[in-house]
Amino acid sequence: MTIKEKQETIIDEFSMFDDWMDKYAYLIELGKDLPLINEQYKTKRYLISGCQSRVWLHAQMQDGKMILTADSDAVITKGIVSLLIRVLSGQTPYDILKTDLVFPKKIGLSDHLSPTRANGLQSMIKQIQLYAQAFILKSLKK
Amino acid sequence: MTIKEKQETIIDEFSMFDDWMDKYAYLIELGKDLPLINEQYKTKRYLISGCQSRVWLHAQMQDGKMILTADSDAVITKGIVSLLIRVLSGQTPYDILKTDLVFPKKIGLSDHLSPTRANGLQSMIKQIQLYAQAFILKSLKK
Amino acid sequence: MNFNIEIIRNDFPILNQKVNGKPLVYLDNAATTQKPVQVINRIKQYYEIENSNVHRGVHKLSQIATEKYEQARKYISGFINAKSENEIIFTKGTTDSINILASTFADFVNERDEILVSEMEHHSNLVPWQQLCKKKNANLKVIPVLENGEIDLVGLPSLITPKTKLLAIAHVSNVLGTINPIKEIVKLAHNKNVPVLVDGAQAIAHLPADVQVLDCDFYAFSGHKAYGPMGAGVLYGKEEWLNKLPPYQFGGEMVDSVSFEETIFNVLPYKYEAGTPNVAGALGIEAALKYIESNTIDAIQAYEDDLLEYATSELKKINGIRIVGEAKNKTAVLSCIVEGIHPYDIGTLLDQMGVAVRTGHHCAQPLIDSFGLPGTLRASLAMYNNKEDINAFVSATQKAVNMLK
Amino acid sequence: MNFNIEIIRNDFPILNQKVNGKPLVYLDNAATTQKPVQVINRIKQYYEIENSNVHRGVHKLSQIATEKYEQARKYISGFINAKSENEIIFTKGTTDSINILASTFADFVNERDEILVSEMEHHSNLVPWQQLCKKKNANLKVIPVLENGEIDLVGLPSLITPKTKLLAIAHVSNVLGTINPIKEIVKLAHNKNVPVLVDGAQAIAHLPADVQVLDCDFYAFSGHKAYGPMGAGVLYGKEEWLNKLPPYQFGGEMVDSVSFEETIFNVLPYKYEAGTPNVAGALGIEAALKYIESNTIDAIQAYEDDLLEYATSELKKINGIRIVGEAKNKTAVLSCIVEGIHPYDIGTLLDQMGVAVRTGHHCAQPLIDSFGLPGTLRASLAMYNNKEDINAFVSATQKAVNMLK
């Protein structure tokens, strides 16, 4: 699936809920299901700053695609990061950099997911983009 | 005359005017008539800070009384200082220190002569009081 | 008791706001308080009929603004019982006040000297001292905080050494609510000739702050945490100290005379007020403190204490909850955590229910770290909060916990 | 031209004031400008429905306040055409902005280095540099001002030496009204790798200030001199410079993480914003600059230029009067003296007639001294002044001169 398609799937899923409690309950569920990051990456080096909860994010290249794993000590943050990973993990660095991330606005949590929030969504996206840039630079040097 | 009587004379004089122009015209006249200070005292040392115009003030003791002379480069300031001198010069340091200077309020220029004004009235009074204190201290030491 | 919660609530326009469709329950007062109409209108009136630059003007408006500005200083001076209005320096806020002191105090600190702070300090009363020590090769010493949230008063005397140059401590902790025994601390410090700075950010709106009774050498607070405007605060300093310290910023008001060769500085309090002062801010603080006075600080404290006690006992009914900070002497701040749940998750859900609290380290990261916590959930009170606010907070927290468990 | 003086005057409530029984003629705008309802109401609205502390809050109000605050930064960034909103630091005002730079720039100044200022600087752009030089054993060099009130541009290149570390100069002189040729000055300085700070206090409300066109490295201004609130201003700095300079104050927002051992500072622009920011102040500046934009800065400049010309020619009719400052490029400020009369005497009498002007050295004592004057009588314009104001000013001045002659 392309990034666009994945975003649309998420938007569809969330459109089924019409009250905030159900949306958050779903987000919490997603958070609980987030596939675990390798414990060795839960170090300061992989910590994203600017979030109220701690978020570790790891990225590596596999067959030209970026594989993202993450964890957080807050479950709602885990839910958010799991959505990001669903959309962006397994895509090429180029696609990640040129993508327009519309789903946070569209799933009706835009308020909560706004960039000025202390949730760190913005920092997470920035960090993923930095990884993508770094991988592109690395591949050019070879 | 006592300080109190002198203040009353001044209040009487000013009560004759009922518009600000006449009051200021009188003040300007007084300013122009201010007896000159000895030129040797028109130095930085005798300058009062905190006034918008420069004011030099000199004090000396003569037969137990404080003799004040002053000058300013602004004529309204000279008018103000001349009133102060009329009231306070020739009095004992003790009397000067214990006096309640009511005339600025009562001559209907209170507004203009208020302590927060840039006219330096407050600084002049403070300076005169400092002189008075110094003379008292000096006489006690003898 | 002239304390009427209904009248008070009516004075605060923002309390009529709805958040996410629900009436606002504002329990983030330690971050900033809301403003009564008395303060809002004071600022408005200033700009509508009195606005002018102060001090050097020959004209009437300038005179009025100057008089009002200096009256505000005088009022504030009386409110904290300073000896003279020359001891009241207008600043941007607590952080500015403390930084002014840390910067101008530098000349009094030498290599291997010590600055003493407590473990519960807000970053604003910690980092300035830490950086000063770094610059001067001096040592930052820390007064430990006990399990219950009180400072270790017994151990304090041994921490004050001949090398100690200053003791900086919060009057009230913004995380734990602890009221520190400032009088005792000052006595201990003065016995060894150590001056004391009190960070009054969380105290000024909640309990009496009498600088002569406390006998502290410096006291800092922000207007915005005491029903006043943002961007305005106070640094109180004993006159003999402020006369000894050098100026901080240069230009405008703080100057007496200038040539290219030399500059002579103005006297107190102007020595510390470079540039056009925030006149509206000073008048706003005055109006805010008058508002406090009109309800009396003692009545406010009694009311808030009752509310704190009620909130604490209600909150404790939630399974797995733990109160963080249980000092005997405590005010207006209630931190907690729920076992196995990150405070941020609860805070997020509380917001959906219209309850505004704060989560995180509250700019006191070393304290939170020493307690081994990921942060706390903090509800903080102001005089306009009522039992309904507490009930809303507690039941929303219960709901959030149910969702997250 | 969408510039309607009647509509504009109606926006400023204070213009309805009477002073000493006469309608207020406010010509002290270089000291501080009056505020339009748009600004007053913006502040009021903030406190009534949006007030909260910013950045770290989980709740909605905090989010709203944060968004508005950052939008204000963005708007201001656009207004002066900065490359990024990270280059906009909120400060207390011009004096604060310049002191922040002078303090953090200290590391770049060594013994015998030189800082270059002009002879017409306001104390706020002079004393901080003078004191920095004193501290560092560096030398303060001065660009002379010519008889007509222009700086000596011809002599400037030879004043910029390999030892020059910074050039600090006003965009517009608050005494002479001179508009300095900043673009040319910056070019000369940059040719020798010298960064330039522009003091824009008297420019921001009167002419376009495009930091990319000027290419200056730093630009400072105050909200209150541009129809905005007191206690809020801006320091613009090129990102590469602001990243290079150390932080100024410590605590709160400017901190990324803290332990007792070390502190990691936040990124731009927060690195320079310790403590709770003045959110209402930032929104007030935004509203003020929007107000300027709604009338267009070009139209304002054209209008004020006409008024300045009219005032100058009318004033010249008074016997014995001399205009101080006759630069070809001039704006909004009109200084004069009358032979044999102290400016303070005239100002005092003008006040009695309801005309608010300023007299004295206008915090530019070295300039006044170099002109051999006891001070000047200064009328300074804002967009709401009209010909009636000028007529009142000129005829009152004539009357005062008659009384004093």
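Letters A, B, C and D mark the chains as written, and numbering starts fresh at 1 in each.
Note that in this section a contact is a pair of C-beta atoms (placed from the backbone, for glycine too) under 8 Å apart; a residue touches a chain by one contact, two chains touch by 3 or more.
The structure presented is a predicted model; accordingly, all values stated were derived computationally and were not measured.
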item: Chains touching both chain B and chain C, listed by label; value: D
item: Chain centre separation (chain C, chain D; CA means) in Å; value: 31
item: Rounded Å distance, chain B centre to chain D centre (Cα mean); value: 38
item: CA centroid of chain A to CA centroid of chain B, Å; value: 77
item: Multi-chain contact residues (two or more partners), chain A; value: 52, 111, 118
item: Multi-partner residues of chain D (at least 2 other chains); value: 20, 56-58, 60, 257, 344, 348, 351, 359-360
item: Chain contact topology (line, ring, star, complete or other); value: other
item: Pairwise chain contacts, counting only pairs that touch as defined; value: A-C, A-D, B-C, B-D, C-D
item: Residue ranges of chain C in contact with chain B within the complex; value: 55-58, 60, 63, 66-67, 70, 256-257
item: Interface residues, chain D side, partner chain B - complex; value: 20, 341-342, 344-345, 348-349, 351-352, 359-360, 374-375, 403-404
item: Footprint of chain C on chain D - complex, ascending; value: 13-14, 17, 19-20, 24, 26, 28, 31-32, 34-35, 39-40, 43-44, 47-53, 56-62, 92-96, 98-99, 102, 122-128, 130-131, 140, 142, 222, 224, 229-232, 249-252, 255, 257-260, 263, 274-281, 344, 347-348, 350-351, 355-360, 363, 365-366, 369
item: Chain B - residues contacting chain C, complex; value: 49, 52, 111, 114, 116-118
item: Residue ranges of chain A in contact with chain C within the complex; value: 20-21, 24-25, 28, 52-54, 73-77, 111-112, 118-119
